[in-house]
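Chain IDs A, B, C and D follow the sequence of writing; residue 1 opens each chain.
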Amino acid sequence: MMAVDIVMGLLAASALISVIATVLAVQARDLLKAVIFSALQSVAYTLMYFMLMAPDIVLVYAAVAVGIYPLILILLIKKVGRYEV
Amino acid sequence: MDTEFVRVAYMIVVLSMYVNIGVSLYAALAKPNLVKKIIALTILGDSVNTFIILVGYRFWRPGVFLQPPVLTNLRPTSEVIRQFLEKAVDPIPQALVLTAIVINLAVTVFLATVALHMYRHFGTVNMDVVGRLKRYEVRKEMA
Amino acid sequence: MNLATWVTDFIVFSMPFYFAAFALYIARAIKGPTVPDMVLAVDALSYDLAAFLVLLGILFRAPIMIPCAIVLVLWVYALDIYMAKYFEAGEIGE
Amino acid sequence: MSSLVSWILVGVGQALVIIGIFCDLAASIMMLRLPNFFARLHALTVGSVGGAFIPLIGAALIAAGCDFLGPYRWFMAGGAVVTAIIEYVLAGAGTHAIARAVYRAKAAPLKPIVADKLAEDRGGEER
């Protein structure tokens, strides 16, 4: 049976992508780039939740973490300035 | 079914979650900018939620397709429910995490409002500068 | 030949191409010189991920997991609109 | 549903999915190789319409033809068609919005340029 290998390989790959995106989001000077890297990490976590057989979590998490977190953070960045000193 | 590959992949997933939690905790504590702190807090909450989901996961057994915990049968008999219990993952951690994600959203909105008021009061969101300004204001009031 | 094994083998053999495409999109998203390039790469990645999730649902024999793709497509479009409003006009409500 | 109809539906769906894979690989290579932002918009359009809309229709046909999914396969086929239509409308709208905003705000460099008809129409100013 090949499905278990596919599932675990996809889980490991998306976990590594999320690690790369988190490190880049933490060390970015431009806050707007940090928000986009956070969205990339959210897409990787969405794939992980789909792999872990949780469709209800995907329904909430995709709306919150791809849709509403960038809205709040972009509004805040527009007010307080774009570059981290 | 390759057991060694499955074990290595599972360890990679768990260690990646540890690294995510560590990096985002470092950013929330050490970076001076408030917006960067809020971004790190969202990543921290999502990583912890992924850990809780990972608790309820089961490995695939040969010949059985793992299913989401939704019973798609209008007239379930006891045999159907027994097969469903063999195939489905645990739904309780998913129900817990569903609440935690929404509460994380509410807390993030509140923190954004606090950061905006702090910017309007002090003129900056760099926490080192804010600390210095606060000490200066306290000293001025005491004098 | 059985229909189930045929469909399963087809989806399994179509997976490496999707992985290659995802890797190239992520490379552009990481090294994009300006912010709109990164937004573009994340957009394309999510649209292709939606198609990939539907194929994966067929592979898992779980038809109840289809609304995830709809939600992902809708909210990535919202991310696009936020970035456009940030660059053009300023506030989002105006 | 008879077996022959199932095989025909699955075959047509697999042909559409193969077209989608080809468009997807082409779009990803273009996304990495094209020189500036306004050329990469073309890659996003190829990747969203050719790489996501066509395989979603193909996946809907495959799901309608698969007997082993049970009676909920009609739910799956309808959901895939709805996703395809939403994606077909929203990808073009989002691409136009971000292209207009970036052109007006001058947020991306316009360096390897052949002709700028929009600037000529607006009065011939040079960027």
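By definition in this document, a residue touches a chain if its C-beta (ideal position, glycine included) is under 8 Å from a C-beta of that chain, and two chains touch if they have at least 3 such contacts.
Because the structure is predicted, anything quoted here is derived from the model rather than measured.
S.K.: Using only Cα atoms to place each chain's centre, name the chain farthest from chain B.
M.R.: Checked the centroid distances; the maximum from chain B is D.
S.K.: Have a look at A-C versus C-D and report the one with more C-beta pairs in contact.
M.R.: Comparing C-D with A-C, the pair joined by more C-beta contacts is C-D.
S.K.: Just how far, in Å, is the C-alpha centre of chain D from the one of chain A?
M.R.: About 22 Å, centre to centre.
S.K.: Using CA atom averages as chain centres, what separation in Å is found between chain A and chain C?
M.R.: Comparing mean C-alpha positions, chain C is 12 Å from chain A.
S.K.: Just curious, how far off is chain D from chain B if you go by their C-alpha centres, in Å?
M.R.: About 31 Å, centre to centre.
S.K.: What are the residues of chain C that contact at least two other chains?
M.R.: Only 35, 39, 60-65, 67, 74, 83, 86 qualify.
S.K.: Would you give the residues of chain A that are in contact with at least 2 other chains, written as numbers and ranges?
M.R.: 3, 53, 55, 75, 77
S.K.: Which residues does chain B have that touch at least 2 chains other than itself?
M.R.: In chain B, 65-68, 70, 72 touch at least two other chains.
S.K.: Using the touch rule from the top of the page, what pairs of chains touch, sorted by label?
M.R.: A-B, A-C, B-C, C-D
S.K.: Going by the contact rule set out above, which residues of chain C touch chain A in the complex?
M.R.: Result: residues 12, 15, 19, 26, 29-30, 35, 38-39, 42, 45-46, 49, 53, 56, 59-60, 62, 64-65, 67-68, 71-72, 74-76, 78-79, 82-83, 86, 90-92 of chain C touch chain A.
S.K.: So in the complex, which bits of chain C are touching chain B?
M.R.: Going by the criterion above, the answer is residues 60-65.
S.K.: Contact residues on chain A for chain C in the complex?
M.R.: Against chain C, chain A makes touches at 2-3, 6, 13, 17, 20, 24, 30, 32-33, 36-37, 39-40, 43, 46-47, 50, 53, 55, 58-59, 62-63, 66-67, 70-71, 74-75, 77-78.
S.K.: Which positions of chain B touch chain C when the two form their complex?
M.R.: For chain B paired with chain C, touching residues are 65-68, 70, 72.
S.K.: In their complex, what parts of chain B are in touch with chain A?
M.R.: Interface residues on the chain B side: 1-2, 5-6, 8-10, 12-13, 16-17, 19-20, 23-24, 26-27, 31, 33-36, 38-40, 42-43, 46, 49-50, 53-54, 57, 59-60, 62-63, 65-70, 88-89, 94, 97-98, 101-102, 104-105, 108-109, 112, 115-116, 119, 125-126.
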